[in-house]
């Protein structure tokens, strides 16, 4: 038993460095997903039939194909084919980001659709154009409404980031396995890795809840 | 007496939703300073008519002239410029829920008119003061009563210095005791010479203030005339029936 | 011509073998996961202070640990205390316990959404606890939980690919093997991706049909 604890204690700094990599993966993926997701959501709600079909196809694809398959497809397949040389970390961020964009677009879309029709009407009645009304009236409200759903997405991307191990990215899980294969302390080390993920989830969701409180409009409900 | 110029002219507004004809060949013209009131049963097309005038609803047929110039809704730039000159007050207020009263009034000035921050703040404050809400500048819509919300919405429309204001049943969503404060503001606007087209169930108010009453039912304008004519000797049976029922229900609130 | 021959006789059978393993993984995991979810969900709502706490902790851990970590624990970790599971069994165990935690969330939400007044009415009519469960609670809770649990099973179809990481060779694993032999990574993984896409699409369609079949007028909107 004590051997286990010593092994964990020694491995902890190494594992925690891995959490930096994990945070990098998650942060990059969520940012990419957010940027693309907003455009997809606005396109799906306000775009023409053609645009909506294309976006629908994109969402269907990235929500239907497993993460692992996409990682292999992009890392070993597409990027090799196009002779683009990217690190495993970058590919993982891109793939996680594209998948997240599909899910985030649906979160934002749901929030936009839940706003009363009158908001857009009032904006147009003042003479606001498409861009102005969406950016200054619709999105500020829709994004606030999206925070709970987005918090869920954060926790999902955090857990999915462990799959990047399959490409050799040295995040928490990869490091745990690396140490475990040397010390044979598999169970305690994986449990510790799991606890680190749990901690990161907790910190993230608490932070988002604080954000929700901070940007809350007094008395706002839909 | 000087001829008052025609500010708004609407001809043959028609709107169909599938098979149902919601508005048929509605025609209207309003001179400067006039108040024209639309009355009629709910679902009769009053709301649709008003929203077709500023093209929030795209009519199937119809033409609009503002100050003699025809508005071509297909030219986005012109349409937006036109809307800046036509104010709209909604039954459900439609205040921007994420902005304070002051910011609600300012947003049109800064984001549409391109006014400077300080200037827009001043103007917004003046408009809100005019409708009696100087103490509520930094409140959010959720913190305001219905009557206050509607007054903010009027200030928001006025801040744009419109040539004409369209009011779509401005008091229908209000508790009875709050109706008076909004009617007072509208009365004030009338005194200041604002050109307005309003739909309402407030018959007493319409009778007192309107230059012309227009009775709409099932999308058709059945009768128009001055308030004396309509209420004392209406031509149409339907008009008579409606008016007497309404007076019975809503009374002659002033 | 050689290409076609190759595809027909080497690639397709291998991928098919992999797909069979995938299906063999998914079906038991889905069933077990759902059962665990129902038990945990019921415990969390009706279990009394001790049992509900235990169930809550279970859910917190199995929803908090990444699935990869859980799989590694069952396959690489258990030998530490003398239990040796095959990759297949470890995968099914991992998938069941993990998705069970997610299912319990939907079951719990569905149970909580049933207005208390109905239970009072049932009791005043003389229903026993069991009868109440079967005739009143389950028919409603089932419909409410269906979308969430159905989606969870669709997620399972995708996450079954992670069995590869603990050396269980299902569809994705087969794909990797063949791709590394032939270097046709893009083509193979594209096909593999399309197979999963087909599976998830069919499953979504089935879910929608079942939802529509069981739909009751006015029932869709939760009122907590």
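Think of it as A, B and C in the order they're written, each chain with its own count starting at 1.
Here, a residue touches a chain if its C-beta (ideal position, glycine included) is under 8 Å from a C-beta of that chain, and two chains touch if they have at least 3 such contacts.
These numbers come from a predicted model, not from an experiment.
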{"item": "Chain ID, smallest distance between chain and overall C-alpha centroids", "value": "A"}
{"item": "Most widely separated chain from subunit C, with each centre as the mean of CA atoms", "value": "B"}
{"item": "Distance between chain centroids, defined by C-alpha means - subunit A, subunit C (Å)", "value": "21"}
{"item": "Between subunit C and subunit B, distance of the C-alpha-averaged centres to the nearest whole Å", "value": "56"}
{"item": "Distance between the centres, which are taken as Cα means, of subunit B and subunit A, whole angstrom", "value": "46"}
{"item": "List of subunit B residues in touch with subunit A within their complex", "value": "51, 54, 56, 76, 80-84, 86-88, 90, 92-98, 107-108, 111-112, 140-143, 153, 156-157, 160"}
{"item": "Residues of subunit C touching subunit A in the complex", "value": "60-61, 64-70, 72-73, 76-81, 158-162, 164-165, 172, 175-176, 179, 185-190, 192-193, 196-197, 200-201"}
{"item": "Residues of subunit A that touch subunit C when the two form their complex", "value": "60-61, 63-70, 72-73, 76-78, 80-81, 158-163, 165-166, 173, 176-177, 180, 184-188, 190-191, 193-194, 197-198, 201"}
{"item": "Partner subunit B, residues of subunit A touching it in the complex", "value": "116, 118-119, 121-129, 132, 136-137, 140-141, 144, 217-221"}
